[in-house]
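In what follows, chain A forms one complex with chain B and a second complex with chain C.
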Partner chain A sequence: MKLGGFEELVLLAIGSLGDDAYGVTIKEILKEKTGKNPSVGALHSALYRLEEKEFVKTREGGATAERGGRRKKYYQLTAYGLKMLQETNELRMSFAQNIPGLSIKTQE
Partner chain B sequence: MNQQSNIPPKLAQRLLQWFLKDELLEEVLGDLDEKFDLEKETYSLSKARRNYWYQVIKYIRPFAMRGSFNHPLKNLIMIKNYFKIGFRRLKRNKVYSALNIGGLSVGLAVVMLIGLWLFHELTFDDYHANHDKLARVMQHKTRDGIKITRRPLPFPVGRELREVYGDNFETVVMSSWTWGHVLGDEDKGVLKTGAFMESEAPQMLSLRMVAGDMNALTQQNSILLSRSSAQALFGGEDPIGKSIKIDNDWNVVIKGVYEDIPTSSSFNSLEFIAPWDLYVSNTEWVKASRNEWDNSSFTAFAQIKEGLTMEEVNERIRPAISAHTDQYEGWSDKNEVFLHAMNDWHLRNNWENGVQTGGAIQYVWLFGGIGVFVLILACINFMNLSTAQSLKRFREVGIRKAIGSVRKQLINQFLTESFLLVCLSFLVSLALVLLVLPQFGVLAGKQFEIPYQEPLLWLISLAVIVLTSLLAGLYPAFYLSGFQVVKALKGSIFHSNSSKYLRRGLVVVQFVISVALIIGTIAVRDQIQFTQSRPMGYNGDNLISVSMVSDDYRGKKEYLETQLKDARIIESMAMTSSPMTTLNSTVGGFEWESKDPNFHPHMATNWVSAEFGSTVGWNIFEGRDFSKELVTDSSSVVINQAAVTYMGLEHPVGQEFTLWVRNSYRTFKIIGVTRNIIRESPYSQVRPMVYFLDTEETELEYYLLKLNPELPSQEAIASTTQVFEQLAPNVPFDYQFVDDRYAQKFEAEVKVGKLSGVFAGLAIMISCLGLFGLASYMAEQRTKEIGIRKVLGASILTLWKLLSSEFILLIVLSCALAIPIAYYFINDWLANYEYRIDIPWYSFLLAIVGALVITLITVSFQSVKAALVNPVKSLRSE
Partner chain C sequence: MSKQNKPPKLAQELLHSFLKDELLEEVLGDLEEKLEVESKKRSLFRAKLNYWWQVLHYFRPFAFRKTQKTHQLMLFRNYLKVAFRLFAREKSFSLINVFGLAVGIACSLFILLWVQDELQYNAFLDSGDRVCNVLNREFQTNGEVNTYRYSSYNLKAVLEEEYPIVEQATIMSNGNWMAFELDHNLVEWAGVDASPEFFEVFEVPIMKGHTSKMFDDPYTLAISSSFAETYFGSDWQSKDIVGTVMVNDRDETYELVAVYEDLPPKSTLSASFVVPFANRIIQRPNLTSWRNSSSQLYVKLIKDVSLIDANDYMVNSIMDHRSGDYENRREVFLQPFEDMYLFNRYENGTITGGRIEYVRLLSFAAIFVLILASINFMNLTTARATRRAKETGVRKVLGALKGHLRIQFLTESVLLTAFSVLLAVLIVWLMAPYFGELVNKEFEWSFTWKMLLFIPVFILSQGILSGVYPAFFLSSLKVISSLKSGMATPQKHNGLRKALVVFQFVITLVLIVGALTVYQQVEYIRTKNIGLDRSNVIRSYIYDMTPMDCETYRTELLKKPGIENVSMVTQLAIDVKNATSGIGWEGKQPGDRLEFYHMDVDPWFIPTMKIEMALGRNFDSRITADTLNYIINETAARQMGLVDPIGKSMNMWGQKGKIIGMVKDFHNASLHSAIEPLILRYNMHNLWMVLARSKPGQDQDALTSLEAVFKDYSPARTFWYRYVDELYDSQYKSELMIRDLSWCFTVVAIVISLLGLLALVAYSAERRRKEVGIRKVLGATVSDIMKLLSSEYMLLLTIAMVVAFPLAYFAMSDWLNGFVYHIDLGWWLFAMAGLLTLLLALGIISLKISKLANSNPVGYLRDE
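Let's turn to the complex of A and B:
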């Protein structure tokens, strides 16, 4: 199963948001971290693909007034999704380590 | 909307709702709303709205679209079902289906036939590639305050148009009239019609060359033949380079062969083209008229330059003749040159006082109108039968709705059924058209072919199918699908007044059209009969006319007369300058003592031999006929009654007048007055006319032979042919029966009469089919009522009255509406004819009675059947 570039970012965003990952928050955090502003359509399109590939699962949240009484749809990493992130990350690191002059900082 | 609302744009939301999958809607709308709020607070309302729109537009992605956008074939199952149900209904209601399909297919067939005819008429002359730019040069002459429009032109006009007005024209071509000439050599000759034209003519007419050179007419001894002329002369041999003679006199070499010009072209009879120069240099009188502006004996064609319109050119060339004739002494005509565009030749060729007044175009409108009406009739039938039927279907609609059918599906169902019927009808009508096409061709006097390769045909057919199914299916579809479930199931929709009035209205429309068509047909027929029974003024029986196509015929009257009379083949024989059924010449310049100097009379002239009167059997009304014995008769004339009135003579016999004839002023004496003879259109007044005696036989172009009536005409013709062929063995003997030619003058009207008769008949038939269906439906609806009435003692007669009276009322109303409409159109049509009937009032009565009788028969069949039903049976159920 492949993971596209934008999909990977979205998956990372969902993971980092924890329990509060739904459309608007994902979009906001992506904007904040990448400086780019994806359209809602593009974001949703990626989300549905992720869901289809079973990297994320969804649950319905409560309705709020600012959404015009509509319910939120929360996204959450699945174990499979987590594993996928892990693999991608390891792959990158294995390359990065061999690049002279590239410093790999990790927060502890 | 100045005040922007605080909520996301409604239209954008609606758009989203329209295309977005239902399951996504809640989430997407929610996210967008939340984002909208966020933006509104961080930036501004307008930016938030703009962004909302942006997001919605960006959301148009395949993954989010509704199924119907992605997979239109998902509906296939439903469409299949519509067709299945449709077919089942057709099978179940055989009578209604037959009535519906029958009516509609007859209607469609009529429309198709009319369409073919219109196509033929409207694309007339399209064979010539430059038809938009081609024209005939013509002139209006103002004479004594009246403008008359004529084709003949003076010789120098071609030169004038080229030299003075050359900027306007691509080409100008002088031409002789298209007449019969003998082509061939000493052994074999064929009679072909053709013309002498200037060398650019083949190029201008874009003739399609089979062989040879289209520009060969620059050589004076050349000729171009049509393929069939070449075939007739040489069979399969290569004709190019062969020498032949025109009229046994002029030697020419065949330089080219062109494809036959089709019947849908005005140049259809151009079977050969010979050089104009050949004609001019070999014909004395033509040579002499080179610079004569007062001798209009030729015709001319022109192609205007690209980018110019006929009107613009007309504006400029108007004085082309008058600039010269105005200098003539005693010239009283005002001449205006103009172009008659080729696109108008066939359909617009009547002028009245210099103004274009139409022509055959009125028939295009007439039949186009009839076509539309017949289609409307057929659609009305369909609607009527469907709405009537629909009342039986209200339970079906109720149940369908109850189990979840939405209105759209019901509409689709009904439209599919209508589409199905129309398609079937279309197939049936196509078969009908193919079946009757030959007969229709005979009726309309044309050869029709279905232009299969024409994409327009298929486009129009498709349009007609779609339009008809919509037109015929929309009302039932919307009316039926609009039932409320509860009412439909309870059955309380029975007598909806609106649909009842609609049906009645439609029946009235149908019968207005049908009755008007019947009245029109009777009027056309009466007008034709009236004119046909108009006295011709002579006796055309057994009279044949032989044109002196060959010089071998000339001056042989004595010989022919002795030969033919001795063998008792003919009774008498005469010669004339014009055939009996046309007039070739009109002259002016008559002067007599008591004439008003401001009156410039022009009269038709005809040079004849002394036996003319007795051969054609004219009626001398006053004075005497020409006499062969009196030498003085060479300056005697016989005039017709119209001329007496025209000249204003009280005592015509003995009156003398002078006229410029053959290079000198001569004095003529009127010796007799004949009753008017119809030489031109039988619908017009007879023109004033003078008969001159031509003892020198210089003007005489036709022999008139009165065949012996005791001899079978075929035998007489065969013997005559022998005599003529002895005279000129290589000239094919060509003759015409005068009364046949006379009958041809009615051809156009007879055609219209027949066609309108057929269409009126079909219209009535279609209307009656509809009426029949309606009546049977009504009777069915009222089965129980009739049963109860019968039990209570109603007689069959009362029941019949009850069931029929409504229809009778409708028909009477239709007639009342149809009469003024028919009156208006007939009046309009009759105004075209000088010699015409009054509006035949009896035709109104006839049409009314006819419509009533037909209706009664149609309706009674059903009402009597209903009235005869045993009440036990009709009341037993439920």
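Let's turn to the complex of A and C:
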């Protein structure tokens, strides 16, 4: 199963948001980290694909007034999704290590 | 949340309309939350704008709602699957159904092709509605009105100069044959003498040269491109051929001034060359007389003039301008060039029809056959569908709506129609050459984009039309009754089906009677004793012979093997075309101006054609005075009012003589018209047609002899010959074609009706199995059962006959009245048609029923 570039970003965002990953927060964090502002439609399309590929699972959350009484749909990484992220990450690292002058910083 | 922060309604509705249900709540929620945030961060307007922007971004394939469509598609797939299973399960039934419809459609397609071809005749002019043929009608003293397609040369100038509604006019001869030498052979070409406006009136493109010179010089010539190709080779276009001097067989020289594109083949016009009409006038100065009306005159009207107005305006153009003493009124009227091919019959001075009648007749037949096939299809589908009541019942129980069932049945009928149409197209494609032979046309069957568009439309409409009744009938069945019995047979629908069967047989019977009548009439025509013996007579031609030449030609022929007798004439006796009113006779009333047909003959014409003398004697070659004498036929004597014509004096165009004989009437025109009054004149100048009677069984010898003598006299020419009885038959080309076509139609109609009957009987036999079983157990014999089951259909057939026979009688009497000489519609014709249908139907019925009647009732009484 392949993972597209934007899909990977979304997957990373979901992972980093933990329990609070739903449409609006995912969009916010993507905007904050990448500086680009994806449309909700594009985001949803990616989320939909990720769900189809079983990288994420969903649960329904509580309704809030600011949503007009509608329920949220929370996204969460599946084990498979996590494995996928790991694999892509390792692949990158294995390349990056061999590039002279490229320093790899990791946050503790 | 504040009231103003409500998201735009329209955008929300838009989302509702297309977004997947499972996405809807989430998306609406996300968007509204975002709106709230945005409106706080920026303005409300910006937030709403953004909302719209985001909504529009949901136009992505993943987000669209698909549920309804996929359901329908799934159902549709199921319909198709069930349809194919049904097809496989009831192969013979389905095949009958498809085949019946396919034959019907193929038949109609053929007729459509034919009609289309007929309608293309003379339809090649851009200003076709303005080009008209000038016709004449002459009022005879005996009350008859004769119509002529020919006018006087003088009329052209009158119309051009005095009638401003005439933009252009052209006059042309009926034809001109010229032979030109090519590689030491004389090749004959058929052309016309026409005034040079011909090319403009008939929009003939000039490929080389100019026609303007034809106005000034009568010895000029324009030729068609195929003429040019034969004469100058295929590279004629690169040669400098304009100005070539061409010498014909009569040693006349013509300067070639132009080459024009070949005239369209589907046209009443044909000319391989055009010579100025002025040339013809030099050769026949009497053409410039008002008395001579033998040229075809065409006019092109100015724009926006109605035909009626033009007719009113021009009606007196002859009367107002001719001078001299004429008793008979002669009027002018116009016929559009486009109509000339299809409307070629005139009665009492008006256009009454002609070939168009056959076009209409066949179109009707085609429509009827199509209706027949559709009814058949409907009947079969309904009959079969009632057996599927259980399926319908189950579908209904599972929640199918009436609409669903209707769509299912319509799908099936469209599918079957599609198969039929494809089969029909295949049939047409394979059979087109044979059909073309039948109607003397060449059909090229090519798939045009129009056809590709037409076929699906036709399949859909035909499929829906023939499927709509079964669809509505079946979908309206009660669930309980259909589930209980597995059959559904409301009585009223049976009634309709019976009515449809009756209707089918009415059409079939009318067609059978029609075909029999046409066959009888054509046989009558072909075998009728027309007063002369047309068998074993060969017609050939002679060129430029003096009376002395003619006699030696004849003597030489008689010396050769196979020749029984020879005569030379100016007209084919079975189709005399020349008529004149310039006849005087003893006892003629001053006001009498009757038309007489006339032909010039030699003294051997009467014995050669075996025409019987009623009174008097034949011409005698030893009596020189006979060249001034006349022989008339009985009709002529009657019209002249002469009881004993022999010895009465008579004159033709002022040449005084005596009537020395009267021949018994023979048919000198087609059987459509009455025998015309005829005058024979002994005149051996200008004879050009040889009628040679061969000894019985020695056709081949006679032909060899004829060709040998012909080649002695005209070595460079081609020997052309035709058998006179062939020429006789060719007068009835349309009738022969109609005879063959009506047989085809009848066979198709019979086949379709019988197929329908077969399936219906099979169906009802199956339905009444139990009844038959019980009857048999109670002691009914096989013949009782046969009677029981077939009586219903016999009744239907009888009703069909009662309806069909009067219809057929009226239709066919009308057709026969188009012939002055025709057969009577005898009762036996109807008896034969009825008997034939009855026997075939009985055969089909008993074939199906006997199996049931003879079977052991135990088999189907077992379960209850």
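By our rule, the second predicted complex is superposed on the first by the 108 of 108 C-alpha atoms of A that agree within 3 Å, B and C clash if a C-alpha of one lies under 4 Å from a C-alpha of the other, contacts with A are read in each partner's own complex, and residues count from 1 in each chain.
Everything that follows uses one rule, which is that contacts are C-beta pairs under 8 Å (C-beta built on N, C-alpha and C of every residue); 3 or more make two chains touch, one makes a residue touch a chain.
Keep in mind it's a predicted model, so treat the numbers as computed, not measured.
Of the two partner chains placed by superposition, A:Glu32 touches none, neither chain B nor chain C.
When the shared chain is aligned, no partner comes close enough to touch A:Asp19: not chain B, not chain C. Overlap of the chain B and chain C interfaces on chain A comprises residues 22-24, 27, 39-42, 44-45, 48-49, 64, 66-68, 70-73. Chain A makes touch with chain C in their complex at residues 22-24, 27, 39-42, 44-45, 48-49, 63-68, 70-73.
Contact residues on chain C toward chain A in their complex (touch as defined above): 1, 7, 23, 25-34, 36-37, 53-54, 56-60, 62-63. For chain A in complex with chain B, the touching residues are 22-24, 27, 39-42, 44-45, 48-49, 64, 66-68, 70-73.
Interface residues of chain B, counted against chain A in their complex, comprise 24, 26-35, 37-38, 54-55, 58-61, 63-64.
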